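The data blocks that follow each hold one structure.
First subunit A sits with subunit B, and in the next complex the same chain sits with subunit C.
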Partner chain A sequence: MGRFAPPLLGLAAAASLGLATWAADQGPALPSLPAHPLGAVTPAGLLAEIIPDGAQNAEQLRRGQALTIAGDCMSCHIRDGGQPFAGGLGLNTPFGVIYSANITPDANTGIGAWTNEQFYRAMHEGVGAHGENLYPAFPYPWFSRASRADDEAIFAYLKTLPAVKYVPPANHLPFPLNIRFMVKGWNLLFFRPHDVQADAGQSAEWNHGAEIVSGLGHCGGCHTPLNFFGAAKSDQALQGGDVDNWVAPNLTANARTGLGAWSVDDISEYLRTGRNARASAGGSMAEVVSYSTSLMSDQDRRAIAVYLKSQTASPDRAPGTPDPGAMRRGGAIYSDACASCHLENGVGQPRFFPPLGHDAMLQQADPTGLEHLILAGGRVGPTATRPSPLIMPSFAWKLTDDEVADVSTFIRNSWGNQAAPVDASKVRTLRRRLGLQATHYTANSGDQG
Partner chain B sequence: MAGTAGAAVAAARHDGMLGGPPQTFTGAVPWQEGAADAPPGVSGTDFIFFTSAERAFIEAAVDRLIPPDPVGPGAVEAGVPFFLDHQLAGQFGQGQHYFLAGPWSKGTPQQGYQSRFSPAQLYRAAIPAIEKYVAATFNGAAFSKLAAADQDKVLKGLESGAINLDGGVDSATFFAMLLQNTREGYLSDPIYGGNKDMAAWKMIGFPGAHYDYKEWVTRHGERVPYPPVGFKGRPGWTER
Partner chain C sequence: MTVTLKPVDAVLVGFGWTGAIMGQQLCDEGLSVVALERGPWRDTAADFATGFAQDELRYMWRHHLFQNVSYDTLTIRNNTSQQALPMRHLGSFLLGTGVGSGGVHWNGQIWRFLPSDFLTKSHNQQRYGRNAVTDYDLTVQDWGVTYDELEPHYDTFDKLCGTSGKAGNLRGQIQPGGNPFEGPRSNEYPTPAMAQTYAPTLFGQAAASLGRHPFPHPTGNLSQPYVNPLGAQLGECTYCGFCEKFGCGNYSKASPQTTVLPYLMAKPNFTLKTECEVLKVELTADRKRATGVTYVDSAGQEYFQPAEMVILSAYILQNVRLLLLSGIGEPYDPSTGKGQVGRNYAYQTMSSVNVFFDDKILNPFIGAGALATVIDDFNGDNFDHSGLGFIGGAYVAGMVTGGRPIEMIYTPQGTPAWGLEWKHAAARNYLRSFSISVHGSCMSHRGNYLDLDPTYRDTFGRPMLRMTFDFTDNEHKMSDYLTDRAAEVAKAMNPREIKLNRRTGSWSVVPYQTTHNTGGAIMGDNPGNSVVNKYLQVWGVPNVFSMGAGAFPQNAGYNPTGTVAALTYHAAAAIKSQYLKAPGALVQA
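And then the complex of A and B:
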């Protein structure tokens, strides 16, 4: 199981020995049970393994582990059904599909043969082991803020992980983007490598939060809007972006669409458990919480919250007025299809079924996240504190594009929410992009043939 | 980032599929974005199972079982023949949910359906047998051409088992299935083709396919004001 032989293993061995002895005393032998198939550790379990005091470089490895967690390396460097850190997840960028690399210590397919210097250059300059330019889907513009010592700690920690022999698929990028050399030009225009400069006017906690948020944590990778070339718009930092057909909401102090109404405790609880009294972490954020923020220390989460609460509110735009017909139809749909969990008055069951009133996520200028959630359903990221991955069902089979648009418009303009109406043609496009024109049955729909 | 949650989930399911080996889940509860257990509704207006003669019998028979009156629509008006047609053409008709192998003993009512016929085979065998009986009894007339009182007489004879049918069809067994299926078509969700405009639900005051009535648990003696809603909604969802 563990690479550091946790004491639990001994306990399990003793217990199974006891069972064998008991079975032997019961007369006729029981049929022998097959070996338990779960040799693999869950991704979160691997990240949470305790590095024992006796381990070599224990101090450096623990630092590397904490930084690997802060950097949320797992979310991208694992594919469905794959091994932790073996990569192969296809990232849908506006320019094409880019597959994450194998960063296990396998010498041939991973980073086992890399040197400290090569790893540092990848993290700091976006350059691979052979001098090739890495695509900025790998968030080196943020990672460049990590120090050389940090990178060495991460590298040392990654080298203790189980090596996996696996070659990720080739990227699907159109010409000329498939020429890595092109990235050099992108770097010249948009890439400013730098180490973190502490702000002496701010508290140590704030500076620690800044280090995570705008460094390894690369929050802006999703939460900052991108320009035409896929580079973060630095003048709109953390004002919300879109990623993989979801919306990464505004994290500035904007009271309507940002974190203006959230307290430091609200943010910390959300990062620790995936839920708080206002919201639940779904979409891509579910994995960020499961593999990164829920495994951080309380100090780290609090520092992030303190830093985020200091962000200047983004300018607010006046939302359009919804059509009364859409509100009436949307209200009817809400009452029949949504109110059983979220209740007629939208108050839901805090921490289980998110309340919908005065909600930042629902009021984002771009309603793609809400449309996506209604069409495809969603899953709250499981965490150690809240292990049940609560699920919102998919409504793609039940609601037409017009109905999704109307109920979205209603939700975005009820119980204190105010946001632009939703256009049915956008829902149609999203439904097509998600491949949900026909009903997809679950694995358990045995009687659907 | 992935479309499906739960990376490194090591597997799938054992969902009762014949021959499917049991599988084990690790990591996280499996969940697939966009997947749902949608009910298998029907579409279109064309009949695909009944012949025109069978359809004429069914329309006449179900409209005697549930005739139109001032309280509510008749079975034909509610779309019951269309419902029956599509059910008999599908999994229900093939008896996929029945054990149809022998032995075929008579059984007691408590032992349920004992026929060797699948529902589709039963309808297909029973209707011509009934028409043969009707023609012999009423000077060559078809069931649909009989006066309502005579139609009722035939239906009662089928119900009691007093009428003997050719082709190994037990008349009481067929009547019981026809009556049950007619009720199902009249009262089930409109996505299956019957209960047109949810008229049967309006008649009995049933609010339809609501997930639950949590907010009404403590409100005794009040009328739930919801208009009926089906799996695919109600007019209020789309009225411009």
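And then the complex of A and C:
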């Protein structure tokens, strides 16, 4: 079964009617428009395509589509410039680079020849079609909480998408991690597959939120800190983690670093549009919004918000006091480099250039996210309702490590923020890891001769 | 070896404002659309982010965003007795290139023309007699479209941009604080007028003391954050003073990038190809229909892109040249007055008055592209021209677009152009001076036109465009009269001194004036007086549409972009409501 035909306008029919009268006095008619089919579809457009009533098992396919969106499968299973779900994205884990698989219905390179049982085992047990262990970069510890019916719906939906012939590159993992068998030991230690049990003491909405957040949505995959072996620390669920040199912030009720000050509406708006009056979705979260939460139903987003708001606040650690010299230097850099968008008093332009005061992201214990944003710049995830890909430019070419540290310390301790000072040596390490040591010019840096 | 590509419903030649608007309109109708842009992809973060956007040397003087005239230029002369020579350095006008084109590095001055501007010939003839429109060999004519027909489309463009301003005429009711001379607007501006800084405020007070009607300049530099109907977001202008000739790093200037592209680029039925130069529109053997366009990519590979519709959405000089190169329509011959393509090329008649104070610090570096207080009392036919010997007019603006350190240092009359004395004068006057701009109309004239140069060719071996243009007595008289009106306001501000920069003598391509070239593919009510009909559809080749200011039969005393955009929406509406149902001539010849 091919991709669903997008709803074409009835212009061809209208055109032929019009032509009958027109042709009489004007000689040969021009072809009717539109005469040519539409081009390639965007990843978000593909996910948003409406499954027509007439389709076989339409109900199951719609469920599969919604679950594929909730699981944010697209973010990992598409590479830069690649086709939707064809995989090949390199995930930078602390252990090495793991490439996502092709999950299009191509029989040889994708999952076209898989059975329902094979797909269920991958989702539920982390085992591939040939019985090999999958690396837990594929979040089966969360996916295992989906039901068999849900997995079958996802599989049925994926099989309706365009097949792409593509083999992702081999993983770059050091010995002995390159032996998949090692994962069995990891599973033994850290993997507890189980179905979600509803909490009868909570509302249906809360339970639905729990099902998404701790199930297919795999929020903890990034937002829960990992132990030495890369397994989620279950006693610190959603207290903030790190992913690919970004920080996934604390999602508990902590008022300083978590969602304590956010309302259910704040969270829902953020998930729908990628921005709200407090923050914008950047880093990896930009893609989560573009390919997952912005495409969910309002009920799903609200359920997530209700569930997240119920999380007990993580313990707060007293931040260190910044050195007044760093604050003074950082303030001067802020005026020069940041104030034109975020304004001199840090109030920003809400939903556009994020305000910086009382900001949870900026006050995370780990300042890597802020340093990353200043060095490399960032992009707010475009969504259907807010398509502008607002971009913060990179400052790696302009600010030294000391300056990045000073301005970060200043921002982390101004307008109601309080967080530990930033160390320039950490900025240096991150700059090296991001490959931003040398001055980077844009394609247009040179002047015309 | 030309490669033939898969046919599409519409091909857009050039991707600035008109290409972006038309692309959005046609894609929303479900058409497959390919846009071909000769320049590079451009976006805010990579090409003009804050941190390096405000670089006068790179962008203004080294022409970073403009057309590189060592690859492509045109030839210039004042009249047919001269030998036209290639323009080897940008001067009088700054041609755009790349995605967004001039829409990236414009000032954001969003005007509507006056209702009477669309009736230049009939209105002036009726009020001042036949000679008023034929003296000096003027060839002015009516547009074939009225203000009332364009009003909804002006409104759409305002909503796209989030234009900041104050209405002066709301559905016929004159509004305090706005321009009382403007045509009736169906809606107030989407965002309030910008806050006026000191110099425009002084200008407004002085103008009011003379009985004029000052109002804030309508602007695409936004006074507050705005979300447009396509969902695209614009920020609040920071008055950085780097607008015209620069891209906006703050997303606060309306441009194709900030208003349309976030929406359009995500459309599956839209494709943009950059660094692809269209060589020619291809026609059927009977020349009654275009079959598509031939273009060449940056590697030199030639392609034929078949298309059901060809939309010429490049700058006017490129659109007219493509019409001529493709053999569409009859080239204009000034000796006989026959032929339409290239006829009625016009421009803008600019002058200014510098004002110098001793006792007032104006901080001119706090500026924006359209930060100004304006009077429109002497524009178009807002005043009685009896006995003045000209038609047309200008808006007069106390404007502070910025205080850029190389371009915008004003020194009093008699100051040397360099050396110690200049330095002292610059230091003394930088913070205490500003410029009043006189933005004059330019009527069309029998001797002003565009054609193909018989001698000079471009890198592809195609003849260059040749521009034959000079200001006529009508323009000089208008400009002198208006410069005097500006000087009256300047004097009423009680400055230490003023300096009048009149527009004298022949037009020169060297000093920068404005990038408001118009005409050459003009619109009208029949094929005997125009290249395109009121829907910008080429007479006789109904599947070719020519956008832009090339359609202006003569130029009014306003910046053209608002009218260019309104004409584009007007054309798009006709394509959507009529042409797609019955592809053929929308107006019977």
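The criterion applied here is as follows: the second predicted complex is superposed on the first by the 410 of 449 C-alpha atoms of A that agree within 3 Å, B and C clash if a C-alpha of one lies under 4 Å from a C-alpha of the other, contacts with A are read in each partner's own complex, and residues count from 1 in each chain.
Heads up, the rule we're going with is that contacts are C-beta pairs under 8 Å (C-beta built on N, C-alpha and C of every residue); 3 or more make two chains touch, one makes a residue touch a chain.
Just so it is clear, the structure is predicted and the values come from calculations on it, not from any experiment.
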item: First, second, both or neither for A:Asp316, with subunit B first and subunit C second; value: neither
item: Partner chain in contact with A:Gly325 - subunit B first, subunit C second, else both or neither; value: first
item: Partner chain in contact with A:Phe353 - subunit B first, subunit C second, else both or neither; value: second
item: Partner chain in contact with A:Asp265 - subunit B first, subunit C second, else both or neither; value: neither
item: First (subunit B), second (subunit C), both or neither touched by A:Ser340; value: both
item: Subunit B versus subunit C as contact partner of A:Thr42, first or second or both or neither; value: both
item: Contacts of A:Cys76 with subunit B and subunit C, given as first, second, both or neither; value: first
item: Which of subunit B and subunit C A:Pro389 touches, first, second, both or neither; value: both
item: Residues on subunit A lying within both footprints (that of subunit B and that of subunit C); value: 37-38, 40, 42, 340-341, 377, 379, 382, 389, 391, 393, 395, 398, 442-444, 447-449
item: Interface residues, subunit B side, partner subunit A - complex; value: 1-10, 12-13, 15-17, 24, 26-38, 40, 91, 210-212, 214-215, 226, 229, 231-234, 236-240
item: Subunit C partner contacts - residues on subunit A that touch it in the complex; value: 6, 8-9, 11, 14-15, 17-19, 21-22, 26, 29-42, 44-45, 337, 340-341, 349-353, 377, 379, 382, 384-393, 395, 398, 442-444, 447-449
item: Complex interface listing, subunit C residues touching subunit A; value: 6-10, 29-32, 40, 42-47, 49-51, 58, 62-64, 68, 70, 225, 227, 230-233, 235-236, 238, 240, 249-251, 258, 262-263, 266, 268-271, 289, 308-309, 542-543, 579-585
item: Contact set on subunit A toward subunit B in their complex; value: 37-38, 40, 42-43, 75-76, 78-84, 89, 91, 243-244, 284, 286-287, 325, 328-329, 332-333, 335-336, 339-341, 343-344, 375-379, 381-382, 389, 391, 393-399, 402-403, 406, 434-436, 439-449
